[in-house]
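First, the structure itself, so that you have it in front of you.
To keep things simple, chains are lettered A, B, C, D, E and F as they appear, and every chain counts its residues starting from 1.
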Amino acid sequence: MRIVYVVPGPMGSTPEGKAELERRGRLLREFASPETEVDIIDVAQGPASIESMYEEYISIPATAELMMEMEAQGYDAAILGCFGDPGLDAMRELLTMPVVGPGEASFLTAAMLGHQFSVITIMQSVVAPTRWQVRKAGVGEKLASVRSIDVPVLELARDREATLERMIAEGRKAMEEDGADVLVLGCMTMGFLMVAEDMSKALGIPVVNPSRVSLKVAEMLVGARLTHSKRAYMTPPKLAIGKVKGSGELLVAKGE
Amino acid sequence: MRIVYVVPGPMGSTPEGKAELERRGRLLREFASPETEVDIIDVAQGPASIESMYEEYISIPATAELMMEMEAQGYDAAILGCFGDPGLDAMRELLTMPVVGPGEASFLTAAMLGHQFSVITIMQSVVAPTRWQVRKAGVGEKLASVRSIDVPVLELARDREATLERMIAEGRKAMEEDGADVLVLGCMTMGFLMVAEDMSKALGIPVVNPSRVSLKVAEMLVGARLTHSKRAYMTPPKLAIGKVKGSGELLVAKGE
Amino acid sequence: MRIVYVVPGPMGSTPEGKAELERRGRLLREFASPETEVDIIDVAQGPASIESMYEEYISIPATAELMMEMEAQGYDAAILGCFGDPGLDAMRELLTMPVVGPGEASFLTAAMLGHQFSVITIMQSVVAPTRWQVRKAGVGEKLASVRSIDVPVLELARDREATLERMIAEGRKAMEEDGADVLVLGCMTMGFLMVAEDMSKALGIPVVNPSRVSLKVAEMLVGARLTHSKRAYMTPPKLAIGKVKGSGELLVAKGE
Amino acid sequence: MRIVYVVPGPMGSTPEGKAELERRGRLLREFASPETEVDIIDVAQGPASIESMYEEYISIPATAELMMEMEAQGYDAAILGCFGDPGLDAMRELLTMPVVGPGEASFLTAAMLGHQFSVITIMQSVVAPTRWQVRKAGVGEKLASVRSIDVPVLELARDREATLERMIAEGRKAMEEDGADVLVLGCMTMGFLMVAEDMSKALGIPVVNPSRVSLKVAEMLVGARLTHSKRAYMTPPKLAIGKVKGSGELLVAKGE
Amino acid sequence: MRIVYVVPGPMGSTPEGKAELERRGRLLREFASPETEVDIIDVAQGPASIESMYEEYISIPATAELMMEMEAQGYDAAILGCFGDPGLDAMRELLTMPVVGPGEASFLTAAMLGHQFSVITIMQSVVAPTRWQVRKAGVGEKLASVRSIDVPVLELARDREATLERMIAEGRKAMEEDGADVLVLGCMTMGFLMVAEDMSKALGIPVVNPSRVSLKVAEMLVGARLTHSKRAYMTPPKLAIGKVKGSGELLVAKGE
Amino acid sequence: MRIVYVVPGPMGSTPEGKAELERRGRLLREFASPETEVDIIDVAQGPASIESMYEEYISIPATAELMMEMEAQGYDAAILGCFGDPGLDAMRELLTMPVVGPGEASFLTAAMLGHQFSVITIMQSVVAPTRWQVRKAGVGEKLASVRSIDVPVLELARDREATLERMIAEGRKAMEEDGADVLVLGCMTMGFLMVAEDMSKALGIPVVNPSRVSLKVAEMLVGARLTHSKRAYMTPPKLAIGKVKGSGELLVAKGE
């Protein structure tokens, strides 16, 4: 089984980013079952980090193109490497292999572990979008709350202990004030920080790491021989009837 | 009051398209109150028509840039000229003037006219996204159904009478089978076809024309001195703290 | 375009009330577009103010009669001048011109401005009815809370600054404790007190003034050539089949 | 225990109506437990029958006054004798004894008997209001459908067998097409026609007779020593603080 | 009318338990109307008290058998004497006489008394199950909260005054923090402690005693000649087609 | 990783049943990843098949005991081998290893594959319980319908082709009449019949096989190092405080 994890931004454009990309690749391979091959790849152009709906949207065009290339290369499933699942429905319109959205996969897993889950995320600016995302995943009735620690993505890893402390503090409020019995980390960088188990130990409830869970859900879907419904995520009509040949041709310019 | 209607695709790239753009501009001026100035503009790059989530997403980056330019030029409000409201939340993150989403404005108007409305749209491929769009607008409890006539956007105007007939036929089913007491046309090209009043006469219930309604809602918001909440649609953090200067800088490339 | 604002109580029965009625008329004319004519009228009999469901109900019979008279006089739309929208469905059963309910119009406008709105109202006794009114408008999913300042209607204007202060205090709680990103003033007297802009400035989020918004929504509906569905708000059967000639005949007395 | 059934219209104004009023009184006494006294009374002024929201509203003022008189006479509970429960919340604001709404009582009883109930009512004009009424009662999730037989109230009893046949036909559709496993008769005249048991036999599922059930629910509440919460249904503030002495004084006229 | 109250545990296995069983029988007879006969009976085997879903489940097999025996003895209705309504749907599959679940009956009665009710229950371990139970009863929209006093069932009666004090304290929080306007006692032992009226006096809102209410609801259903729908609660197919003769035969052992 | 599949009935009590148990074991091993060990075991006493809530309940006590034994033997996760997930919450109260409910796991997986799923199940008697089960899993908003083929569990395998044909026929109705874009097989015997891929090919949409999916979800949870929240599924208090030593002691008899 071959799975590709696609980072929807040019993470590898700096030496530090490149190292981080490799570190994440190693972690994904640790998460994987022995018979799974996992690759990680970033797109050539996109936002440095995603902390708003605008940044979600500008990440989609290049990521969708790369996803299609990955399917052509024979991968069995792809993971869309941003917790906000930007453009997940579009990727499913364009592809037939399973595309795992880490947010969606984490919410549905959390739904299996308890009655009410809370999401601990980065910035206030993504709290409302995350609430909608949970509802779109179909499990809005199980959402206790979305809480942010107010630390930008690019600073999460600067001081792992300080970040962990803030995450535990918000997680505790989610339990005590909002009634959460399960937590979900709402950002892939949080996931790759590998703090979920420490939080879980500190708080006594399960903490879903989206990085680990999205890989396991991808394996699960491939192993179960399931992919998304093309009746739900229809191929764009101009592509379906052959009016245009590739997704790129759907985008036209004025001078054309 | 100055309102701009932004077409999220390069409609004016062909002579016929240019003529259609001008025709729509004239209609919008007819819809408007005497003291309102309305301009219409298209983006330089985007999909020829929008019939899938993928096409919605690829229309957003250029449209958002143009929207910001329009705000800089002093417009009082903008209309995002696609019924699917692609990127509406992102536009609101970036702008302070009101941005009217024709879908959202039509659903909320329909909610005021009856108990249950149905949307008559173009293709099966946008039925599920439209259902979700209604829920996101907050009036999911008033949705009777979304039905498509299965005619692509670019062919709607080819035979106005045939299109009208199919729209009336689906509208009748929405009333009789789904219990609709109000209809909404789910496509701007449908709106500018000026069939809503004919449908309404034939079926005996109100039919919301999104082209007309989005203009009137824009006037209403400006007249009521209201715009969207920046607490709901927060400025992207990197922009808010001045880390980047324009929205364009949020998009970076690998080689940078 | 001619719009009439109907006060569902005998406001003009005292000299002070008469002056207030005239002041409200002047404000409505200020809110209106240049080409709109607005008149204000009160009913001969009704409650002094409306702070309970019982007072809502006893206002309806005389108001409905006056509404029908206004339609006969050729108005294009009417505004039912109480935030609780008392008898709105009945007015729509009896009339074909649009009848704007200020509560309904404000909730639907608020839904367009943010993710979750709160209503700031007068007395605890109308909190539960207002909650239900929001659900009936179809946007219950967007309601954060209803909060009262516990000042009776007839005392709101006594000390404008004190009232404003209490409204800002409750508005702040709505934001901080209930997550509101938009506020709605839940009383027409609050609206005509012209405090919405001061509140908005103090709190940094939009505040919907039902007095202004109901006038703009009336203009919007007339401009969009839309009125309520008679399939949704059916003419009372005895009237529809001509068994009785006027709405007044539906009310019979024992001795008849 | 003394219970009064209040007809919100001047039923006893004709000899036939008077006889019907007496017949209903006898049936209510048959429904009652041996230790219960039941009286029936009609109001002096109101609609001949209730088939619209407008007729509901015009029935309320006189009915509320009579209800208060009944409480003063020492009754233990009152039944508001119209399935639409017109003004039920207002009656509860004014009274402390339990006021049973036959619609509400029937829906909540039906909820105990199965998973999904349908209401079989008189005219299309009350279908949408009945749907809202079910939601207001809190059991909207258990509603399968509301169906009308399209027979006016005053003609229901003209041909009992024909009426029964239509009711069985609609009931069958509710079972087969809408999935109902319990039925509720949506009109008091239907209830006093004593067809529920015949329908139940014909269709094999429980049929809730609102006339019988509202009496038994009134006995149940008195027996359980329960009445509505005054925190939910607050006394109108002007009455509560003694500013006006009786509910009648809440209604003022212009000349006063 | 003959009603049997079935305790789903071997309460009468100790002298104190036997005395308590008799005391409860006396209270039930006090609650009942003069023409109602009430008996109380316990099962031979079951949990000492029910404070978890596991204990709910292990109580069901023996209770169901006893319920069927009671129907055979000619009772008109049965009360399942645990607030959690363990196996209520199964009892209804097996029986044709009405089976009252005290939880369900209390929630639906509470729904008639106010807008939002809270349940005051025993232990944190039943809070989440109670929330589900309310939703299953169909009135989830009216639930304000479920709160526990954290006193085990078998210790509730040890110090009536201390228990009452904790119940009043939690009830007050339900009112002030959760907005409850009606309370429900979430345990039969709480009900038979006869504290509901004291709580109601202290807090000023209705308090539903499930012990009293379940008896009155049983009388109401028998009096209304209603029982659950067999289309909703179908007879187990193997029983329905006569493949097995009694419910006991549905349980088979490996060696058989 | 060691996973045990527990059949909640004495399947292995006849030679044919024993063969079937072995066949299912072989299939489970085929479904599993190479590094997973899977065992299958049945309980000594329980229903021959589960087609009602009553049969669900009587299966729980012995199954729960066996589950605890399996945890003691060191398994990493257990699958509760009945689609209805009987007693799933109780098993989670008693155990700390993950317990997969095939219904819950299938619904949540289906939610990831499309917008609206339908369940194709065995008998009409489980349709309503299945609807409730979907809501309890938290994804009620994604349920299109539950449909039965009306074939008893024990006859499903008698004529595989006839069964498949009926399943395809109901699946087609689910798509065309109810709008399903994903199907779920609602019975483990259906799952082990290995018809899901044939159905999927015939209908063109994904069909979730609960037998395969519950195994893959068990692997996913163990691989993700997650188990249910003990704050959501609390240990029964008498066990938690050591008042009784084993779950068996929670069940007491009258003579004790």
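Basically, a contact is a pair of C-beta atoms (placed from the backbone, for glycine too) under 8 Å apart; a residue touches a chain by one contact, two chains touch by 3 or more.
From a predicted model like this one, the values you see are computed outputs, not experimental measurements.
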Centroid comparison with subunit C (C-alpha atoms), farthest chain: F
Chain pair equivalent in interface to C-D, over half of contacts matched, among A-F, A-B or B-C: A-B
Averaged-CA centre spacing for the pair subunit E and subunit A, given as whole angstrom: 45
Computed distance of Cα centres, subunit F from subunit E, in Å: 29
Residues of subunit E engaged with two or more neighbouring chains: 115, 128, 135, 181, 232
Subunit A contact footprint on subunit F (complex, rising order): 31, 33-35, 104-105, 108-109, 111-116, 135, 137-142, 175, 181-182, 197, 204-206, 208-209, 212-213, 216-217, 219-221, 223-233
Footprint of subunit E on subunit F - complex, ascending: 9-10, 12-13, 42-49, 51-58, 60-61, 64, 87, 89-90, 93-94, 123-125, 128-129, 132, 135-136, 152, 232, 234-238, 247, 250-256
